[in-house]
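Before anything else, here is the set of structures, which you'll find just below.
Across the two complexes that follow, subunit A remains constant while its partner is subunit B and subsequently subunit C.
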Partner chain A sequence: MARIALLVLLLALLASAPLWIGSGYALSVLVLCNLWAVFAISWDFMSGQTGRENFGHGMFIGTGAYTAALLNLHTVVSPAACLPIAGVAAAAVAVVIGLPTLRLKGPYFALATLAAAAILQRFTIIFWEQMGGEEGLSGLSSLVSSPVGFYYASLAFLVLATGALVTLAASPWGILLRGIRGDEVACDAAGISTTRHKIGALVVSAFVAGVGGAMYAFFQLQAGPYLLGVNTSLSVIIMSYVGGIGTVYGAIGGAFLLTGLGEGLRRFGEYRLLFNSVFLIFIVFFLPRGLFAPLWQRLRRRAETA
Partner chain B sequence: MSALLEVRGLTRRFGGLTAVKNVSFAIAGGELTGVLGPNGAGKTTLFNLLTGFVAPDAGEVRFAGADITGLARHRIVSCGMARTFQQPRPFRLMTVEENVAVACLSPRGRQQPGRSLRDRVERVLRLVGLEGKGRTPVESLPYGALRRLELARALATGPRLLLLDEPFAGLGTSEIEPLAALIAELHRRDGLTVLMIEHKLREFMRLVRRVIAMDFGEIIADGSPSEIVVNPCVVTAYLGGAEASIGTA
Partner chain C sequence: MLEILLYGAVTSAVYALLAIGFTLVFGVARVLNLAHGSFYALGAYLTFAFGTRLGLPLFAAGPCAVIAVAGFGVVVERVFVRPLRRSPLAVLLITLAVALLVEQGLFLVFGSEVRNVPAFVAANVSIAHVDLGGQRVLAFVVSLALLAALRTFLLGTRNGAAILAVAQDPEGAQSVGIDPNRTFSLVMALSAGLAAAAGVLVSPFLTVQPTMGLLPMIKAFSIVILGGLGSIPGTLLAALALGYSETAVAYLTSGSYTELVSLVAILLTLVLRPSGFLGARAAM
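Let's turn to the complex of A and B:
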């Protein structure tokens, strides 16, 4: 009960945001928060549950963004229809990357995803005639005409994606995925095909990130190679850690905090990444369970006892 | 009745060491058999070979008439052969019931009696005497309960053949007695075929009907417990030629 009340309160706060912050710069920062939150929860669904850390999440975000951009520039597919197609494209990349790499043990999966994202980023330069090179692809038509409309679209997608991923994580499948994190050898002994479930989780994660990437492209009206880059992938990981890894919803808090701070610290340029890294070290040392997930759990308990 | 498990010429080398050398034996359905041998005799390697955790260099493992040599580990479990580990391997950061649920969600675990996942988990927890502990995080379980959880994970997959790797290791006498009784009951009441490795000779010899003795990767004796304890090869392997019988050990 308390949980539902808290959720409704939070949603009301987010839904009424355009009323109290207007439709200018602040609202566009909130759109970015929503989209980065989608990226972060989709990362946490795979890596937080199974414990296999994906260091190339940008490849799914970027695949989604470029798919949407290419479809929008070269075909008559409507922007809204581009979103699910972008998700499917990212999911396809996940299958191709996951099949060989998810059999790897230890840190090799992390390294392989890092390399795969770097390769995909290279492709945007090599095929510059199609992919726009360093400049990326621009001139996309808009998904929703008004900024307020786009804000609601991004918020709706965040709510939908969070609901779906939290439900999946709480389902029996989620138990299996956390079993993989707990002890992969014991999973084998329990008769579980770990590779299949890890690929399944990566595909779900990539689909959500791909749709988010497409939304991001329609928001910026362009898709650039930076989306596939290490910075994007690392930012997503830092957000999940700050939020509280393995909880899915915690990553939303991390994304809002770091995106908001990132915009606030914009005038410090490249020092922002330094700030993010210091923040991560602080979290890992002093708050290994993250900032937002424990906070939310405490709020919930307090509301329940009140 | 044909054998449930049939092993022919199983061999595995690690560098210069032949851990398991040309091992052949058969286990009929309904047996309760022990594997005996000093440290380094190749018992655990044999279990790893049977369950697909280590690939053999030569030989064949047949289970219920089908060749399962080289099959993926989880597929062997799906055939109906489940194992426990010498060191308990619980799923960290999860509760007892979630630990059991993982195995209940395996292809074979889903076919076990019970209308829902919860029913199946509860049934297995009752079976191993962990009822009421479902919500406990595995990190706060005492060692004896971890041993039972290890057994629960294997049982949840509905095995026909259960391989137990030193199920009594690290347990006190007061904990061994009920666990031995539990294994005996699973064997007698549920008709489960059991193959177990154990060092605790007294409990072991009382429990099993047949003993396969190994030394230096080879089977040196195969017979009833009373035959094994007076077998000269076994006595030599265990006591290095001393005149004492291991029955009094």
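Let's turn to the complex of A and C:
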């Protein structure tokens, strides 16, 4: 009961946020929180369930953002229609990266995704005439004209994506994915094509991240190479790690905490990035199971014993 | 043609220096050190700091930088990697955090602008009418010397034998009295020192800036994938292959396409032969 009450309270707080914080800077921070939460849960769906760590999630976010920006600047496709197309583009990248690397055991996937994201980022510089180089692509038209409207769009997307991914993770398919994390050899022996399921999970993850990246581009009205960078990918991993890897919903807490802290520390300028890595070191050493998911689970246990 | 041959040799030698530490650390400790590129960047920056800021002669600043970075490698292993070795994800995250910490540290201390390290050798060397520059010749010669020294160390000393033994069979090595932690520290020192040496040697003809570590990390990684994770001969072979193909691509097309060579190399290897040229362990 306590958990349902808390969930309703949180949703009510988020839904009424424009009423009590207005439509200014604070609301735009909340939009960023929503979008980063989408990135983090999509990462956790693939990497948290199957135990294959993706170190280049930025490539899906960036692919989504650049696809949306290119479509918006050069075609008449409406911004809303750009979102699913961006998701499909990111999913296509996932197939290209996943096919050669997810067959392999060991650390290949983590390294290959890290390298692929870095090289995609170089692409935006090499093909600067089409991709805008360091500056990125700017001058996008907006998805929803009012800030409050955009906030609700991002919140609706976050709720929808969380619902879908949590349901998928709880489905038989989700159990199978966690089986791969637990013992891949046993899954193989049971006649399950683990590679196909891992690629499937990566495609789902990339699709959600791609749509989120497109929304991010429409929010910032531009798509920049930093989205493909190591810092983006690492931020997503840190958020999931803080939230509690493998739970999907925990990542939302991590995303809100870190995005909020990041904005709060903005006046410290360059030291903000330093803070990110120190924070990561701290979490890895002292909270290996994360912060939010263990709290949530304690609430559930208390509810069950009561 | 001759230009490709000569420049390719220099690039390959530096790549070998860069990648061999990465593969050694993986072979001995099964650890993928994402902070490897920051050792390279630190080598270049410390040469700049010792040479230009403290006024040491460059031939002293370079070795000092290498030794300092080797010490830093041991610190990274002791403080960050060793307590977390049971969890591969934690190790990847912590080494990546160290890499970013170094990058941001360099950014705060030295600023984002490009730094110039003067050439160690001012002389202009031409081989068969190809203008090579003394620094490139020096980089080539020193890289080969360091690789030869590494070979002698691994094959001719007890510590070297311990490293090879742990790489072959960690439990077996432990049962004959080799301390795996001490060996790992030693390998991290070697690996960091060699990467730093690569950074020192190329700093005069490449741009020195805080983010310079990422690309070499990716190069080291592609070479190691191409040669086979953990295989030293494979790494050398792959360093030659990548060094020459990049130089050739740089000459035949515009320079910006060279980055793609390593991507194509990684993807082709993973599709056609995942264990690399000489990877001992099956990757499938």
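Everything that follows uses one rule, which is that the second predicted complex is superposed on the first by the 296 of 306 C-alpha atoms of A that agree within 3 Å, B and C clash if a C-alpha of one lies under 4 Å from a C-alpha of the other, contacts with A are read in each partner's own complex, and residues count from 1 in each chain.
Here is the rule we go by: a residue touches a chain if its C-beta (ideal position, glycine included) is under 8 Å from a C-beta of that chain, and two chains touch if they have at least 3 such contacts.
The structure presented is a predicted model; accordingly, all values stated were derived computationally and were not measured.
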Which partner chains sit in contact with A:Arg289 here, subunit B, subunit C, both or neither? Use first/second/both/neither. neither
After lining up the shared chain so the two structures overlap, which partner does A:Gly191 touch, if you call subunit B first and subunit C second: first, second, both or neither? first
By the touch definition at the top of the document, which applies to A:Ser277: first (subunit B), second (subunit C), both, or neither? second
Let me test your reading of the model: by the given contact rule, A:Gly179 touches which partner, first (subunit B), second (subunit C), both or neither? first
Examine A:Tyr241 and indicate which partner it touches, taking first as subunit B and second as subunit C; both and neither are also allowed. second
Determine, for the superposed model, which of the two partners subunit B and subunit C contacts more residues of subunit A. C
Just checking: does A:Arg300 make contact with subunit B only, subunit C only, both, or neither of them? Give me first, second, both or neither. neither
Common interface residues of subunit A with subunit B and subunit C? none
Which part of subunit C faces subunit A closely enough to touch in the complex? 32, 34, 80, 83-84, 87-90, 92-94, 96-98, 100-101, 104-105, 107-108, 214-215, 218, 221-222, 225, 229, 256-257, 259-260, 262-263, 266-267, 270-271, 274, 283-284
In the complex, subunit A touches subunit B at residues 172, 175-176, 178-179, 181-183, 185-194, 246
Any idea which subunit A residues touch subunit C in the complex? 53, 55, 99-101, 103-108, 110-112, 114-116, 118-119, 122, 125-126, 230-231, 234, 237-238, 241, 245, 270-271, 273-274, 276-278, 280-281, 284-285, 288
Given the complex with subunit A, which residues does subunit B contribute to the contact? 51, 53, 72-74, 77-78, 82-85, 89-94, 98-99, 101-103, 105-109, 117, 153-154, 156-157
